[in-house]
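In the two complexes that follow, subunit A is the common piece, with subunit B as its partner first and subunit C second.
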Partner chain A sequence: MTGALRRSAGIVGMVAILLFFTVSLPDTFLTLRNWLNISQQISMLAVVAVTMTVVMAMGDFDLSVGSMASLSGVVAAAAFLQGWPIPAALGLSLVVGLMGGVFNGVMVALVGILPFVATLATLTVFSGLAFLVSDGRTVFGRDIPSAFSDFARSGLPLSSGEGPALVLPNLTLVALGVALVVWVVLEQTTYGRRLYALGGNTEAARLAGLPVQALRLSAYAFTGVGAAIAGLMYASRVASANPTQGDGLMLTAIASVFLGMTLTRDGSPRVFATLAGVLVLGVLDNGLTQMRVDSYVREVLVGAIILVAVGMSALGRGSALRRS
Partner chain B sequence: MTELVLEGLSRTFGRVRAIDGVMVLDGTPLPLGSPTVMRDAGLRFIHQELHPVRGLSVAENMHLDRRYPQRLGLGLVDWRRLNRAASTALDRIGLSRISPRARMSDLGVGDQMLVRLAGTLIEDDGSALPWLYVMDEPTAALTGEESERLFSVIDGLTIRGAGVLYVSHRMPEVLRLAHRVSVLRDGWHVSTRQIGETSQDRIIREMTGRDLSALYPPRLTGRPGAPVLEIERLTAPGLTRVSLGLRAGEIMGVAGLAGAGRGALLQAIMGAVPRLGGIVRLDDEAVPARPAAAWARGLAYVPRERRSEGLLLRKSITDNVMLPHLAGFARAGVFVDAMRQTRTARALGEEVGLRATGPGQPCEALSGGNQQKVVFARALAGKPRVLILDEPTRGVDVAAKADIYHLLRRLSDEGVSILMASSDLPELLGLADRIIVLQGGRRTHLLENHDMTEADLLAHLYDAPQPAETMA
Partner chain C sequence: MMATRSIFTSAVLVAGLSGAAAAQEVAVITPYLSQPGTQFYVDGFEARAEELGWDVNVVDTAGDVGAVISRIEDVVTRGVDAIVISVDPAQVGAGLQTAADAGIPVVGMDAGSDPLVAVNITSNGYAMAAETAVYVANRIGGEGNVVMFTFDPFPPVQVRGVVADAIFGNFPDIEVIDRITPDVSDGGIADSRAQMEAVLAANPEPGGIAAVWAAWDQPALGALQAIEAAGRAEEGIVITGIDANPQARDAIADGGNFEASVAQDFEGIGQTTADTVARILAGEELRQRVIYVPTELVTAANAAD
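Right, the complex of A and B next:
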């Protein structure tokens, strides 16, 4: 009952946001072009948030994703500078992401450091490494192969005709692909169900014979690789790489998962719910920008909306418990 | 004499808010729904779940629901007065062996319970002494010895003029302690009688609405068959070289005082704690010391603490039942088959007599007895050869207890072997074919359960270990 109420409140809130922007921006907001644009803007956040969902299903966090995204971008750029071919540079970045994630996993699952502390420390480590690799500078234009930066600018053409063509951006396709893979792994396989079980009760899971350490360790590989993919997407989109460009992703990704959790029946993190959370934040950003709302005011509004959504969900859960 | 009258009260006592009704104290209605008001009126509550703050000292745990003594009114804790108040209260129930400065986490569960009780005996400056204690299953975590200490404290309280509202499933305790007995069923008041006008059978009939004279169903098939589980010189933390052999269809009880190693034995068999020595064999094949291996080989485990060790409380019944068996119920061992899981969970729920709205219901919404049945359904989902049960009816109501006993008997008739540790001696005597007795982590007896009385068994729990007993 309360779950349904909570969820419908979330959906009502989303519809209200959509209506508000549709009325305020009658000519531009509800156009296919704008929505394709939004999908591209949020694609990197979506990749990070969706992989963050894997870790949060276990009740853990990964705070290092932002600096890992920065690191992966500058690693690829550094490889380009050395004259590496594109696939090798991309592969190197992804391996760095995988190793960073596994390192987080080892610290949390084997050494036994709280995820908050362990990933806060690796956040700093990855960020420092990003500065080391790039020498603190932004890698620009001609050092980046054009094939790499063209990827983000193109996509699947949706229309042929006059005017600028409508395309489904490649970055959107990448995000959808990552979301699909994570959805299958997390929600359709026994591996994913076991991660959720860890989030429910680690001791019960251990006594039921689940390999707790291996599960926990492996889940961090998802956030590591996810962050690396997002970093590459970002670098491709802006055709440059600097050691801080991914930093903003972490908080927004966690916020998206929390927003998504307000939509699910039992308040657990789910992939498509997270995507809805990402979309809400993306739409807000897009709409408020078009209305020329100052970016500082935008941040205040986004923060307030997260508080309201998660707060309402917490109140709903509280009253459910009082009654049971 | 002070009198408390309850009328039409659906939920009492502040922890859960009352929906409707009145509570009248000496002619004055009490406002409902606030623990503080109840406290100020002189009521004290001992809840079933302890919720100790493990990192704080004993004295601080005793002061959680009141102001700490302060120095100079500046909010600085007066540690000396704090510890003295705690120590006085501990003395009052004969617990002077516990230091108020000890950490709560260093105490056993039984002592934690007694400390919580002692906390209600601290006298506040000026305010009246508490006169009504409400105790919800206070002996759930206590050994026989600790329970006895609690009972003498209760006797002391009543002699001093305080009343005790004692909520329990345990008939012997109710009959021993109470002057009057009220029976509730499904949230309704059934009866209130003087203790002299009622009996255990009558109380149980009123509680369950049916006759439970056959609480422990008799064995239908003949004697247990061939050996199935062999344990040799098993050693683990809290357990020293324990050997036993379990036959097909046998129910073996594990008895012992608290700390005797009952739980350690079961956990070592499952591989949930590291084994320091010894071997566990199922059908002459060694079982590795990992829970996953034990489950895979056909051992199923029901842990002692169903909330902290058993259930994923927020997850559905299906998720909980399937937890150890996910691979076995998946397509290609990997992809979740939700339909099959739901079907299996529903069938198992029926088998164990689970009462729920459906397999999707979250476990936190179930009663203690039904939660325990979910844990049993999980144990049965893999068609186990051997059930390893730690306190299988702890904190479970009488009707659910009867269901569980019938289930265990039926499984044993079908050839499943059961190793069952329990502090509930009647249930060991009612079900077990043999009873292994542990003292200080060692096996001291292996008893054939023929016409044994509770007193016989109790004597074996306490007596000095016998030297060099041969293996059965």
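Right, the complex of A and C next:
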């Protein structure tokens, strides 16, 4: 009962935000072009957030994703500087992401360090590596192959009419692809159900004979690779790489998962709910910019909305507890 | 809600019909608003924009260059009259393309040149380097050994070195005995000091070094520390820098070896940017892709200003 109430409060809140912008920006907000823009603007965050959903399903989280995204971008750029072909450079970045994720997994699952501490430490390690690899500089201009930066500027053409063509951006397609894969793995397979079981009760999962350590370790591979993909998307979008450019993704990704959790029946993290959370944050940035709300006020508002949404959700859970 | 909407719609219609009478809307987008230089640009821009009666929206993405692209897309969707950016245009090409497709002019405020930027307003690096290089040449009477600190990997600083090379090359009795590229990973002062100490050790005789020309202030400050630490401040080695940062101004005001630097007019860049946007909005076709705002030589006479 409270679950349904909480969920509907979340949905009402999201619809209210959409309605508000639709009314305030009647000519521009609900246009296909604007939504294609938004889809591209949130694509990097979406990739990090849906992979974050995997570890949050187990009740863990990964603080190192932002610096991993930065590291992935500068690793690819360094490979470009060495004259590597684009696929090899991208492959190297993804391998770095995988290794970083597995390393997090080893620290948490095998060594037994709390996720907060382990990934806070690797956040610093990855960030330091990003500075080492890049020498603290921004790699840009001719050093970045144009085929790489063109990727983020193109997509599937949707119209051939007058004016600037409408395209479904490549970055959006990548984000959708990643979301689909994570959705299948997390919500349609035994593996995924076992991760949720871990999040529900680790001890019970262990007693039921689940390979708890292996499961936990493997989940961190998703955040590592997801962060690496997002870092490459970001580098392609800005046609450059510097050792801090992905850092902002971590907090917003975790916030998106929390926002999404206010929408699910049992308050657990789900892939499509996370995407809805990402979308809310993207829509706020887009709409408030168009309404010319001051950038700093915008930040305060976004934080406040996260507090209200997650706060309502917590109150819902609290009253459920009192009743039981 | 409906009433709000119809009022808004009619306001848009009125604005559309009255055409030129409506306030022009300009968005200023930068990831670097918290940096002092950028703040001065924006202050200068806003002051001039207010006189022009514009509606200015300043968007700061707090260091996130990718978000600059997103915000350019958003203000293009909104339909602003012009966009001003203060970020490397090569990094926000995707957003510039969106603006170009929509026919909205983008002007750079010390942003760098790009085919999609109508015009960039900045300081003239060539001229700044010429100011200090001729200061050095004249001050040492056109003869003596000069040490140069340059940084060719960074294009805006590279051009400064080229000009100084040309000017010193034009004096037959000036010899550039060292052209040093300091390691800048720690800010540039410490390594410049170490490198200068080596040069001083290699040229122990008083008067063996007449001047140090640095392409920016940090190496000049490092060289000053090395000269003072070596007890050779009384030899009258002339040091010049460029940018006139506060630390350099203090050193110049002290009246020691560090004698001159060049100050950029950040507010002036902001004002000229606004004036240039006004010219574009008035339909003028600009011939120049770069507009330079004059800089000022800073010596002990005006360092405290």
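The rule we apply is simple: the second predicted complex is superposed on the first by the 324 of 324 C-alpha atoms of A that agree within 3 Å, B and C clash if a C-alpha of one lies under 4 Å from a C-alpha of the other, contacts with A are read in each partner's own complex, and residues count from 1 in each chain.
Throughout what follows, a residue touches a chain if its C-beta (ideal position, glycine included) is under 8 Å from a C-beta of that chain, and two chains touch if they have at least 3 such contacts.
The shown structure was predicted, so the numbers you read here are calculated from the model rather than taken from an experiment.
When both complexes are superposed on subunit A, subunit B and subunit C sit side by side without a clash.
A count of residues in subunit A touched by subunit B and by subunit C gives the higher number to C. Aligning the two complexes via chain A yields an angle of 140° at the C-alpha centre of subunit A, spanning the centres of subunit B and subunit C, rounded to a multiple of 10. In the superposition on chain A, A:Leu30 contacts neither subunit B nor subunit C. By the touch criterion stated above, A:Ala16 is placed in contact with neither subunit B nor subunit C. In the overlay built on the shared chain, the residue A:Arg194 is in contact with subunit B alone; subunit C does not reach it. When the two complexes are overlaid on their common chain A, residue A:Ala208 makes contact with subunit B while staying clear of subunit C. When the shared chain is aligned, no partner comes close enough to touch A:Leu156: not subunit B, not subunit C.
Superposition on the common chain places the nearest Cα atoms of subunit B and subunit C 38 Å from each other. Contacts from subunit B toward subunit A in the complex involve residues 16-17, 270, 272, 290-296, 301, 303, 308-316, 319, 322-324, 326-327, 330, 333-336, 362, 364-365, 378. On the subunit C side of its complex with subunit A, the touching residues are 1, 4-5, 8-9, 12, 57-67, 69-71, 73-75, 77-79, 88, 90-94, 97-98, 101-102, 185.
Within the complex formed with subunit C, the subunit A residues making contact are 23-28, 31, 33-34, 37, 40-41, 44, 135-136, 138, 140-141, 149, 152-153, 163-164, 234, 237-240, 244-245, 248, 285-286, 289-290, 292, 294-296, 299. Remark: subunit A residues 187-194, 196-197, 200-201, 203-211, 266-268, 322, 324 touch subunit B in the complex.
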